[in-house]
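After the structure tokens below, expect a handful of questions from me.
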Amino acid sequence: MSFFRLFTIFFALIAGFQPALASRVADTDLSSRIAALGVGGFDDLEKAIANLAASGDDRVPAILDRLGNGELTVRKADGLVFFADKVGTDFRLTDPVTGVDAGLAPKATVEKVKVNNRIRRAIASAVGALTLMSPDPAVRRTAAEAVMKSADVTALPVLERAIAAETVADVRAAMVAARATALLASDAPEADKVTAIAAIADIGSRDALGFLSGYTSTDGAVGDAARKAVAAIESRLMLWDIGQNLWYGLSLGSVLLLAAIGLAITFGVMGVINMAHGEMVMLGAYATFTVQETIRTSWPQLFDYSLLIALPVAFLTAALAGILIERLVIRWLYGRPLETLLATWGVSLILQQAVRSLYGANNREVGNPSWMSGSFALGEIQITWTRLWIILFALAVFLALIALLKRTRLGLEMRAVTQNRQMAAAVGIRTPLVDALIFGLGSGVAGLAGVALSQIDNVSPNLGRGYIIDSFMVVVFGGVGNLWGTLVGALTLGVANKMLEPYAGAVLGKIILLLAIILFIQKRPRGLFALKGRAVEA
Amino acid sequence: MSQIFDRRRMTLAAVLGALLASTMAGYAADDTIKVGVLHSLSGTMAISETTLKDTVLYLIDEQNKKGGVLGKKLEAVVVDPASNWPLFAEKARELISQDKVSVVFGCWTSVSRKSVLPVFKELNSILFYPVQYEGEESERNVFYTGAAPNQQAIPAVDYLMKEEGVQRWVLAGTDYVYPRTTNKILEAYLKAKGVSADDIMINYTPFGHSDWQSIVADIKKFGSAGKKTAVVSTINGDANVPFYKELGNQGIKAEDIPVVAFSVGEEELAGIDTKPLVGHLAAWNYFESIDSEANAAFIDGWHKFIKNDKRTTNDPMEATYIGFNAWVKAVEAAGTTNTDTVIDTLVGTTVPNLSGGYATIMPNHHITKPVLIGEIQDNGQFDIVSRTAPVVGDEWSDYLEGSKDLIADWRKPLSCGNFNVVTGKCGGGS
Amino acid sequence: MSFTCPPTNSPFAASISLVDLVWGYCGILSLGHGAFFALGGYAMGMYLMRQIGTRGVYADPVLPDFMVFLNWKELPWFWQGFDMAWYAFLMVVLVPGVIAFLFGWLSFRSRVTGVYLSIITQALTYALLLAFFRNDMGFGGNNGLTDFKDILGFPIQAPGTRAVLFAASALMLALGFVVASAVVRSKLGKVLVAIRDAESRTGFIGYRVEHYKLFVWTLSAVMAGIAGALYVPQVGIINPSEFDPAASIEAVIWVAVGGRGTLIGPLIGAVAVNFGKTWFTGVLPEVWLYALGTLFVVVTLFLPRGIVGLWGRVVTRRAAPAKEVDGSGRQAGEAA
């Protein structure tokens, strides 16, 4: 055993020093290794990548990067591999080693070197091993993570050297973790492997769990250690899971809040049933799409601000549509909520078809700006930026509305008209104007919801339909005429839904909730936060 | 007529009736062959089906430029069944008995096909059905030019096993018949390949499901068991966009957990930013990115016809193309549009497909198709990474308990859509 | 004329005359009557499925086709008994009836009225829609029940059977008409109108408002169930989309177009709207939704009494103010 160990160390030394001695190989050698990329299927390609990486040449990572992006092509005439940049319908070929321009080639004379997921993984691992010594700590960290994912045994010697030289603490930790996974995969002695397991167990993340689960069926000390570590991580993650579900619930709740809060104003405060409310949300989403399209074609550098620009546009579009609907249709129907329901249903059909005629029936792409893409981990809870922003946005809209209703002149007039129309008119409030403004406000808020929903859902003519029933449930459950009720209602329903989902499944969970709401309404016909003794128009 | 008209002048109905009568009078020409188009132009399915209506119109237009069929021009009769299943049956009846169409191209969902079946049988007409479906059917009056499960699902799983070394499987689908059947078949197939039940997770979601947070997290959790995991997605239509958005946001990369989809094509990707999705897969029998002369000509003509060179093409369009050309060829060969003759002639008809090969209509009324696996690219197109030889559509799956003994062969003398090879009987139905 | 309103809509028409009974006469706007219609339809569909017997594609004597290929081993308990016509027909009446009774009993007792009631009826049909879409429920999921062969021993596609079914629908329609007009003319009908116009006052006078409402509500649900049962063999398919809230809302608009608070109105409305639909979807498919949407708006704004009201106005030359005919004015105040 000790001989074997010595041997590995010796081998590691040689292998490890090789790239340090010669960070460049001869151009012809590199060229021939690159030429091998263009021959055969994915199996051959994978071998060729390993061979190319083994050269240790510092030009290799860039070449592999371009391979991963699908920018390497084979010239059919002589089988040589080039960098290819698209120029119109042709490709400009460049020699990957010398950088010499090899001229324009028509599409038919070249063939792209195809990559699939397996090749992409091989590339990531090879590039990782080659960039472990990069001067940039961020690159080193990504490299360590790539090596960890691939558990690449051949990267061990490089890792050892990289760890020895590493000064940044968290990059070093990532490298140690990568070494542990590689060690586990190698034929290192059992004791080392047990230590490696302990090192991985310390990370305690879901990824770590994934690695260790692979070894639970191993016999002996390694298996025992792995089983113990897996059990420990699992019990730790269980608590985090509850937190995660709570987060999902809050996030769903915030979406419901956004969709319902405009309705809470028009239905709750004004007593108008607006079945076209969902279409206001849809208009907001399409406004976002239009804004993004304009930005894409005219000012692409502003793309990251597109949502911010879309907010006022969406608000105004929907608000304007709302005011039009109020003036043309709803104002003739005050005090007749059931007729309003039918008329606005008709309006919703017209709006859907109008959008279909204008934008087509297909889904439209609304992109995520960079600050809304991706996710970060809070402990073991994955938090996606989109959802976080939507929660914050929903709360901001909510607070702004409360402030508007409670603190402004307009809000005062709105409440006055809501509570006693005749009296309000008698003290000089122009009730028709206020009616139109409230309806515009409710619709505008729905438009804002559309901006948020465009980030997580389809932007299609049917967008609104999907939310209308849920929105009504939220408002009715929370208590009509009370924005706080809507807040509590939305969050309760969101969390309850997500807590039920792991047990009952998505559909059954929703059915249970709907039935629960129906029963709840029987018990409290005025919702969770019923306003008591409120003056109502008789 | 005029009496009725006078008496009910005030009513809307009569006015409509009169308008109608005047339009009906236009239909008298006998020098055309009528082709029915039965795709929803409104309602939930309009999003997918409108494109197919345009495809049929495009194909008819092209055919008429070549001089039509049997020396007569083709004339499209377009109706809108409005995504309403009973209305499908009603419109089919209208097309066949009133407009006297010779053939119908239509339907997307299985339920719409099931709804019109009795009408086509009763009135003896021909339906070309251009969408991938769950199989478990073979009718004399229907030609299935979309994929059966063995022409999509099984080769895709084989690819993942071989190329990606996948050992753990998530079968995620929308809760309706196509995903249910496909997943049943795949489950049996995977188990036959030695995958244990613990390594298969099955999940169903409703139509239009939009909150994928929990399910994507579950997939992630399931994938962290030390074995290479892949998702086989039969998620339908609208639910895909939020699903892929959530995948992208939760950072599930194709290199970690690849997703192979059977219902996601170029059209669905048009609504998503595909940059985070590069490397996820789809299995179809056609991709817009296919490099063939036939495809280039088809796309070019399509763009000219629709007057928009950004419109994508997709698999059901190719299936419509194959079905249409097969029908034209069979009618030319038979020299008549008579339903029975054309049905008999269609079996064995071979026409070029768009991927540079040929499609043959088999005796079970399904066709031969190559299976292509594509990886999503950042431009919303697919890069083809695998391609099989043409596969014959298997209407009765060998992996399902109830149907493994059944075969269909509409040639004489068998002429049966569900012949049981064990009992030797044609089992009812027709 | 070769272009007629499809006969299959007559059961629909029948059921909506009952929607009118609860809405036009009792002031309860149900946005979920489609649910009762569909439940009756499913009960009938289950009977027809069991009648297929070994003629299904898998030739299984007991299990319907969709159960065979989804690997169900035995018939679920709730499918038992549907091979017997009397049991199935009983269920057509009982299932919608009992569900409506329970729902109504809970709602009317706790005085859920007006828009609240409309919204929870919508929630009810939406919940049922989701439930019936689930394949695990054992109702065939999205594809529903289809491929029927015969009814009471007669082949379902035969012209004779179709004629009989059509006649049965017409009979049912007439029966519904008779029942409804009997209800309307009776003392009960007067109480219903009183409830519609002033619910609290009617209660103060001493009528048990909730009992009257519950009776009419359940009656209309049962009739809707029967209509659904007649509808299914004629169209040859029942699927969860009948539970779609949009379908229920559309039925309400037929009543509104025809003229609510009258018994003939809903019939005229159903015929007119369906006629328009068939025509538009055939000739100008893109325009159909615009036309339907505009119809909703125009009728509620300008024709509060529908076509019947318009006719009445033309005949008497006396325009009735909209307020008078408003059936739901009372709830408006309570909901605001």
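Each chain gets a letter, A, B and C, in the order it is written, and its residues are counted from 1.
What we mean here is this: a contact is a pair of C-beta atoms (placed from the backbone, for glycine too) under 8 Å apart; a residue touches a chain by one contact, two chains touch by 3 or more.
As the structure is a computational prediction, the values presented were derived from the model and not from experiment.
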Sort the other chains by how far their Cα centres are from that of subunit C and give me the top one. A
Averaging each chain's Cα atoms, the one nearest the global Cα mean turns out to be B
Subunit A and subunit B, separation of their C-alpha mean positions in angstrom: 31
Gap in Å, rounded to a whole number, between the CA centres of subunit C and subunit A: 43
What positions in subunit B touch 2 or more of the other chains? 42, 175, 204, 206
What positions in subunit C touch 2 or more of the other chains? 130, 133-134, 286, 289
Can you list every residue of subunit A that touches 2 or more other chains, as numbers and ranges? 353, 356, 507, 510
Using the touch rule from the top, collect the residues of subunit B that touch subunit C in their complex. 1, 10-13, 16-17, 19-21, 23-24, 41-42, 78-82, 84-87, 89-91, 94, 98, 109-111, 114-115, 117-118, 122, 136-137, 175-177, 180-181, 184, 204, 206-207, 400-403, 406, 417-418, 420, 425, 427-429
Contact set on subunit C toward subunit B in their complex: 1-3, 6, 8, 54-60, 65-66, 68-71, 130, 133-135, 141-144, 146-147, 157, 235-237, 239, 241, 271-272, 275-279, 281-283, 285-286, 288-289, 307, 311, 314
Complex contacts: residues of subunit A adjacent to subunit B: 42, 70, 114, 116-118, 120-121, 124, 149, 206-207, 209-216, 244-245, 248, 251-252, 255, 353, 356, 361-365, 367-368, 373-375, 382, 384-387, 455-460, 462, 466, 498, 501-502, 505-507, 510
In the complex of these two chains, what residues of subunit A are touching subunit C? 270-271, 273, 275, 329, 332-333, 335-343, 345-350, 352-354, 356-357, 469, 472-473, 476, 480, 507-508, 510-511, 514-515, 517-519, 521-523, 525, 536-538
In their shared complex, at which residues does subunit B touch subunit A? 42, 44, 46-47, 50, 163-165, 175, 204-206, 208-211, 213-215, 217-218, 220-221, 223-227, 238, 241-242, 245-246, 248-251, 254-256, 258, 267-268, 270-273, 276, 279, 375, 377, 383, 385
